[in-house]
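Please find the structures below.
In what comes next, chain A is part of two complexes: it sits with chain B in the first one and with chain C in the second one.
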Partner chain A sequence: MTDAAARDELIAYLLERLAERIGCDPSGIDRDADLIELGIRSIDAVLISGELEDRFGVEIEPVLLFECRTVNRVADSVSASLSRR
Partner chain B sequence: MTAAARTMDVNACASVLRSRSSDVIDLPAFFGQLEAASATPIPNIREQVERLLFFLGGERHIELRRASLAFFRPSILAMWQPQIARCAEDAVALLDGRTEADLVADFARIVAGDVVCRMIGLPAAGREDFDLWTDEARWLTEPLPPMRRLPRIETALGEFAAAVADAACASPPPESEGLPTFLHQNDDGLSAEDRIWLAMSLYGASSVTRHTLSNTIMTVASLPPERRSALLEPERRMAAVERLIAASTSFQFLIRERRGEAGPAARVEVPIGPASAEALGGACPLGGASVAGSINHVAFGAGVHKCLGAELARLIIAEALTALVRRFPRFAPLWPPSGFEPYVMVTSPIDFVCRLT
Partner chain C sequence: MSTYYIGLAVTGHDPALAIVDAEGRLLFAEATERYLQDKRAWGAAPDHFDHLAGPLSRYCADATRFVVAASWARVKHWEQSPGEDGALSADIIDPVNAFWLREHQRRAFEHFGLNVPRIAPGVPVERRAYDHHLCHAAYAAASSPFEDAHCLIVDGEGEVGSVSLYAMQERRLARRWRSWGPGSLGYLYGFVTGRCGFDWRRGEEWKVMGLAAFGRPVPEAVDTLKRLVWIENGRPRTGDASSWQEAGAALAPWSRAPSDDVMAAADLAASGQAAHAALADEVVGAIACAPGDNLLLGGGCALNSSYNGTLRERYSLGAVHVPPAPADDGNAAGAALLAWQEDMGGAPLPHCPSPYLGSEPDPKALAGAVRHGGFAKVTETAGDTRAVAELLAGGAVIGVMRGRAEFGPRALGNRSIIADPRPAGMKDRLNREVKGREPYRPFAPIVAEAEADRWFEGAGPSPYMSFAHRWRPDKAGRVPAVVHADGTGRLQTVSGESNRWLCALLADFEQASGVPILLNTSLNVMGKPIVHTVEDALAILTTTGLDALLVDDVLIEKKAG
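Let's turn to the complex of A and B:
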């Protein structure tokens, strides 16, 4: 799988998990929107990072979601970790 | 959640910690929701966070805090002080004949662990296991614990609870020398279950003392030997220790949730460590102090969640530093620490190798 394809898969999964946690449709989430303004809470960050770890096999600290702040930036950071494996 | 608010002023920190409109993070609720949403059973974690006084609110907090405080009253600490001093002397004696030592592993960890084992009524022989379990469980109190750690924390807490329950059923260990122990007293109204999990919580909280002791050792090592004599003078010693704690506390910040009519709930980081160090105004921690408590700091927090073991922590740190400086007045680092503990809220060196002179 190419890096771009892996990133697309990552974003699709991230949007799906995020949508479930904050209660909306994945297609309605702006990938550059501030996750905090979208309503993400500490418990969401812990759960989503855990689900990403299980799915992609890479360690992700929950705080990453608050540091990166957007879906695109989280995907960039996790993609970088994946490509370093 | 909004961005963290920060203030470096010690009075402002105390004000936030005492405010009725700010409260501790509700860890029992957090882990209850996490268990439900992840479908991952975490019964031991739930039991423990129900007795973590630092993260508990309401009537239950008051009930458990009152019962625990009974054990930290001055009369009990006075009974224990000679043995605390002896623990410190014994730990220094283990360094005799050596030219260098890691004062974190070979001294701070031993003194703090031994004293707290004895006072709780745990066998000192189990200290290394208790420390391992406690280090794992401390991730519970970090702001955002990763899910991958929960199974390990769950296992550690289960093993720790079993060991503490065994100790509670047995007679107090001989090293407690007949002094009152937390696990074996029965006049405070605690249930057996509460006592076991509270004992674990207190042991875990005491690790902060160990980290702060490591930090104070680093601070003392950075000061000229002639200044260190303050730790050997009975009338100046406790004031000096207070200033060292303010300068070197391991707790960097506390988190509070601000609620009320002013707006949406906001998470506030209260930087008790930096603010306490700032309160010294750049003065030498071992210089000029003559009045106990003369330094206004919040290293132990403030308000209803103020560290209930603060007086014990002062005693342990005072006796440990006094014993160390008396035996090795010119101890000095051979090289800087190889790193610092990987926690967010509490920081201290992983090691601190010193020349012993």
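Let's turn to the complex of A and C:
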């Protein structure tokens, strides 16, 4: 898979998980919006991190979602880890 | 020129230190609670100055470099959204306890290794930090005889969750998956401990496991607990703080206040143990073990010997191994071994089977006791076990403090109280006159590894007392003092390799009594850690119903006999 395709898959998965947690439609989530302003709590971030780790087989840092803060930046960081593998 | 690896357990409770040399030998390991004589040593530094100074001068005299390794990769707490606590447990533990746990871990982590440069001036010190569950896994692996195994870590919480699964191949570990979030079998057991009127701060999960044999699981209570924590694909999950409050209310009919009679909590203890076993089965089930596979267990939940004892047969496993210190103290050894392995370019983990890794009795203190103690009888046994065996068969209760102390919570014959398991009244006598603890608490048997199968159903090697097994029905009646209320015993098996003196004592005791089994309990009194100094042991001899104390080969008796 190309890096771009991997990043697209990541974003689609992230949006789906976030939407389920917040209770909205994935297409309505702004990829540059602050996750906390979207209503993501620390427990949501922890569980989504675990789902990312399981789904993509890459080690996720516990602070990732809170350091990156937006869907696009999380996807950048995780796809960088994936391409380093 | 030599590098030494100092592992430190930095959870904030159960601090411990371990030393590994450049060849990967585990030279020393001991919990800080022993040195301080403070149960679990909450808040004490694992590199406590005087506790560390002794072994450093003894084992590391030629050190030219120290690597100090911590048993956590980071502080638990991290900054998240405003007003939210980043610790996993913050959602399910009350704020006072959550803060208390978190700050103890933060303090221990931030200051780890502080005392090392002051103890060994001029020796360069490098600090490293390792993943908490990986430390558990490293000690489980290194203490095992296996080359390949599944390695399952289950505890209260690590950096991101409470369960990690590793694959060990040729004694190298690789993580397969880990759980994220606050769902935790360790916290669930702690919650049950509190509802039973016991205190997890004191590590009283033991009491729940022991009490469970006296009760019956209540289906409603088990269901309540299994709704509070559930397993998805091996990962524990839980609800929010309100679900824990609701569960507490639902369990009220079976709960016990600390001032109530202990037996009032027996059904809840049995329910907690049943829920734990059912949930743990779902975690183990997610590993997909093939028949004949080996399983390593680590983390605090691996102390659940009642559950551990059932695993090998039910899952058709080749063997199950639990290290002598599966809880957070053992992570000192794990961290030191990981630091060594990193410097060796990922070499296979060394073999470190011996639990006898701690301090030795001080001969000067022993000489002082012999000279000034005013004891009725002092005998130099020169390692001969016959006199001890005959005293035991005659009903004496004897404290044993020989050689190096065990690493981990179990006394395995070097810091033990031993007695004849045949008299039915021996259990009550020990609980009342020596240990000062509740009458229901069981005692464990020691048996030669080759004899274990004749006395127990389905018993394999259990060198660190990690597995409870059912006594064979025709045998239990011969050793009532070591048969628990549910017909099981948490056995220690010994072989010539692990402890020659104990093997000889068992053989001599069989000659004197007709049974090849001894009762073994830790050399301590209730609420205190296992003894550390000769003076600690003498205090038990002179203030309890202990009849004699063996310090190395010197037998000290209170009565001339």
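What we mean here is this: the second predicted complex is superposed on the first by the 84 of 85 C-alpha atoms of A that agree within 3 Å, B and C clash if a C-alpha of one lies under 4 Å from a C-alpha of the other, contacts with A are read in each partner's own complex, and residues count from 1 in each chain.
The rule we apply is simple: a residue touches a chain if its C-beta (ideal position, glycine included) is under 8 Å from a C-beta of that chain, and two chains touch if they have at least 3 such contacts.
Here the structure is a predicted model, which means the values were calculated and not measured.
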*asked:* One more residue to check, A:S79. First (chain B), second (chain C), both or neither?
replied: neither
*Who does A:S49 touch here: chain B (first), chain C (second), both, or neither?*
both
*Have a look at where A:V63 lands relative to chain B and chain C in the superposition and call it first, second, both or neither.*
both
*Which parts of chain A are touched by chain B and by chain C alike?*
36, 41-43, 45-47, 49-50, 53, 62-63, 66
*Touching chain B in the complex: which residues of chain A?*
36, 41-43, 45-47, 49-50, 53, 59-63, 66
*Spell out the part of chain C that touches chain A in their complex, as residue ranges.*
74, 78-81, 84-86, 88, 90-91, 159-161, 177-182, 235, 240
_List the residues on chain A that touch chain C in their complex, please._
36, 40-43, 45-47, 49-51, 53-54, 62-63, 66
*Mind listing the chain B positions that touch chain A in their complex?*
1-2, 30, 33-34, 37-38, 143-148
